[in-house]
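A short write-up of the structure that comes next.
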Amino acid sequence: MSEVTPRLNALLAPSPGRRFSLALPSIWLWRLASVAVAFLIWEVLGRSPISLALPPASEVAVAFGEMLAKGEMWAAYANSLPPLLTGLAIIIVGGVVIGVSVALARTAEWFLLPVLIIFQTAPVSAIIPLVTYAYGIGDASKIVAIMILGLPLVALNSYKGIQATPPSLIAMSESFLASRFDTIRYVILPSASGMIFAGLRLGVSGAFIGIVLAELLITPTGIGDLITYNRAIARYDKMFAAIVSIIALSAVVLALLQAVETRLFRANARALP
Amino acid sequence: MTLAREAPAAPPAPMPDEKPILVADEVGLVYGGNVTALAGVNLTVPQGRLTSLLGPSGCGKTTLLKIIAGLIEPTTGDVTVRGEPVRGPGPDRALVFQDFALLPWATVLDNVGYGLRVRGVPRQERDQVARHYIEEVGLAGFEARYPHELSGGMRQRAGLARALAVRSDILLMDEPFSAVDEQMRRKLQEDLLELLRVEQKTVIFVTHSIEEAVYLSDQVIILTQRPGRVSTIVRPDIDRSGNVDEIRRTPRYMELVDEIWAGLRQYVE
Amino acid sequence: MTLSASARPRNAFSRAAARITARSPFFSLIVWAALWELVGQLGLIDLIPPLSAVLVAVGELFERGSFWEALALTAKTFGLGLLLAIVVGIPIGLLMGLRKRADQLLSMWVNLFLSAPLTAVVPALMPILGIGEATVVATVFLFAVWVVILDTQAGVLHVSRSLVEMGRVFGAPGPFILWTIVIPAAMPEIMTGIRLAVIRAIKGVIVGQIIIALIGFGGLFDTYLSMFLMERFWALIIVVFVLSFTLIGLVGALEKRIAFYAGTR
């Protein structure tokens, strides 16, 4: 029998069998509810006299609309998006290629693995001021910042995913006289795809952190500038609108990535015990 | 004695020499609104005897045991212990788990004493009682060990000692030996019989092994598959007064195993 | 079985390479250090002085009061922010693991902020909390708290069902089960969450300071860059990295001591 699986709270309380039939509203209703609750809390906090620099959510929403209508937002993103997308492309392609090479070629592993581990774990954002200092206010410093913060995460996860291929699967493939290439193509990469995508998510998140940091630190352009400028002139509603926009954009990109993964690999089909 | 085939709906008559301690009356469980796990289960458990719930996987025997333990509330029907309806877990019943359910961070002594700790028994007394039962199940010397340092068989001995330590009249055992290897399983079965000679317990024993059920039980209740209901009740009536390792050689034992298999094979095919 | 192609080395060069790479990859850091020294000595890149000069600067750094002041401020803000993240994160994680409603309301935000560019939030903290320690503490908290929540929840959800049933069979009340079974059983995941929180908190304390660029290491980085004191800048980077790895290593060791039973559940 498939186990009756109530959650732990149902176990902690005396659990009648009847309770399992309780139908729950769909996930989207809950998301809506949780957005509404968060909005409400922000609104209340904003209206309470905590700080002038914390405007209520409704004012931020209005400012957001205004910035969209007047084109401020578009102008900022016209500056931020090209380096962001370039950087993302570089870390996705480059990161996977480096990760796969490090996993499959021993010399590459010996030479690059420690560096990747250091860059993944250490607070490498400390180097970003130097990057902006070196590359100036152009797109190059943004792209380099994205690479420093994102690429090691992608590469290291790809590496780990390939390392985690069950040896029995590789032995199976070799026992059927598959070529090295076939084994990589049909066994190793599909097996590693979950970890690789996990790495892409981390990398995308790192990329956003990197570009915002670069734009905040020195490059007076793009979305970072929109935040800094509006803070300087005390238009806190606009400042928060800009912050919300970049966080929302990162969520959208991550959701797209998730959709691609589901489309390509049907995540549930991968999970063999 | 022959196979006593009884109509599923009628509660079986109690054994003549024993009074019933636990009765299930029309117990049914429906979950998710439409999946019927158990339908109208009736059974009577005589005091001081070992009753097995035997059936293929998916027949709801573990679910039935959890209903008896008070962990799951049935949708219909009732379980009564000495005439009192079960409303949840109670001190009259103790459960031995298939996966042992030992706290990995606690020593054998603390694991065995857990039930007493829940009841607020002071440390010194708790340890004393725990030591007694640890010795009784043959784990003496392992009090300070952690579960991960023990073999599967030893872990279940600890689980058994924990259930014994709270001195419940009824011992519920959920496929307790299914997670250990065959040799150890036989040893544990023999030791359980020896133990029950000392401890006067009523045991309800869930198993999917025909051999195990016949070897251990005074009464075997055979459940059919989904929805689970009682199909047959068998009283092995094997003489267990002698050496425990003789039982498997008695003609009665072998005959019964064959008979039960003959009855059950239709559900497998 | 290794994944690397294990073909026989073809020539002297690849045989030598094979001999070298047979050693732990961490020996390659020696090669990297040598490369750094070479690039510095040849003066190929302005911004990269020779490693030897940087190491000398590390020694000098320890003689500076400004370094110790920055370290003290960093340690204080890091510790406070991390502590806050743990103290707030664990109860929320427990709640989300135990109550489906809490999970449904909060999981979206936890997952969002786990990977959101929180660097963008730091400028907003400055006018609210002031340009000082409070902002750095808040940054550390914001970087670290989400992973504590997520892992605590995962720990609660992974608690073996039969352990909880065992507690119930013995008649233990809910809070007793929570305290004696659920929380200890979730400890391996909680510790993993704390270790990851430490890594994130370190990143947070650095990000917060370099965005403020006035206090702590952030102030020093800014000063060294604007005065083009590259040796000192790199020396500080090395010190920060070494400190981070030491701390993460310590927490990792602590985690291993608790995780011994994670595999045996």
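Lettered A, B and C in written order, each chain numbered from 1.
Assume a contact is a pair of C-beta atoms (placed from the backbone, for glycine too) under 8 Å apart; a residue touches a chain by one contact, two chains touch by 3 or more.
Everything numeric in this text was worked out from a predicted model, so none of it was measured.
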> Most C-beta contact pairs, which chains?
Replying inline: A-C
> Centre-to-centre on C-alpha atoms, which chain is most distant from chain C?
Replying inline: B
>> Nearest whole angstrom, what separates the Cα centre of chain A from the Cα centre of chain C?
In response: 17
>> What's the distance between the Cα centroids of chain A and chain B, rounded to whole Å?
In response: 51
> What whole-Å value do you get for the distance between chain B and chain C if each is reduced to the mean of its CA atoms?
Replying inline: 49
> Could you say which residues in chain B touch two or more other chains, in rising order?
Replying inline: 70-71
> What are the residues of chain A that contact at least two other chains?
Replying inline: none
>> Going by the contact rule already set, what residues in chain C reach two or more other chains?
In response: 165, 168
> For chain A, which residues are in contact with chain C within the complex?
Replying inline: 3, 5, 7-9, 11-13, 24, 27, 30-31, 33-35, 37-38, 50-54, 103-107, 109-115, 118, 121-123, 125-130, 133-134, 162-163, 165, 167, 170-171, 180, 188, 201-202, 204-205, 208-209, 211-213, 216-217, 223-224, 227-228, 231, 234, 236, 239-240, 242-243, 246-247, 250-251, 254
> What residues on chain C touch chain A, complex-wise?
Replying inline: 1-5, 17-18, 20-21, 23, 25-29, 31-32, 47, 97-100, 104-106, 108-109, 112, 115-124, 126-128, 156-157, 159, 161, 164-165, 168, 174, 177-178, 182, 199, 202-203, 205-207, 210-211, 213, 217, 221-222, 225, 233, 236-237, 240-241, 244-245, 248
> Which residues, counting only chain B, touch chain C once they are in their complex?
Replying inline: 66, 69-71, 89-91, 93-95, 97-99, 101, 103-105, 114-115, 117-119, 146-148, 166
> Residues of chain C touching chain B in their complex?
Replying inline: 160, 162-163, 165-172, 176, 180-181, 184-185, 187, 260-261, 263-265
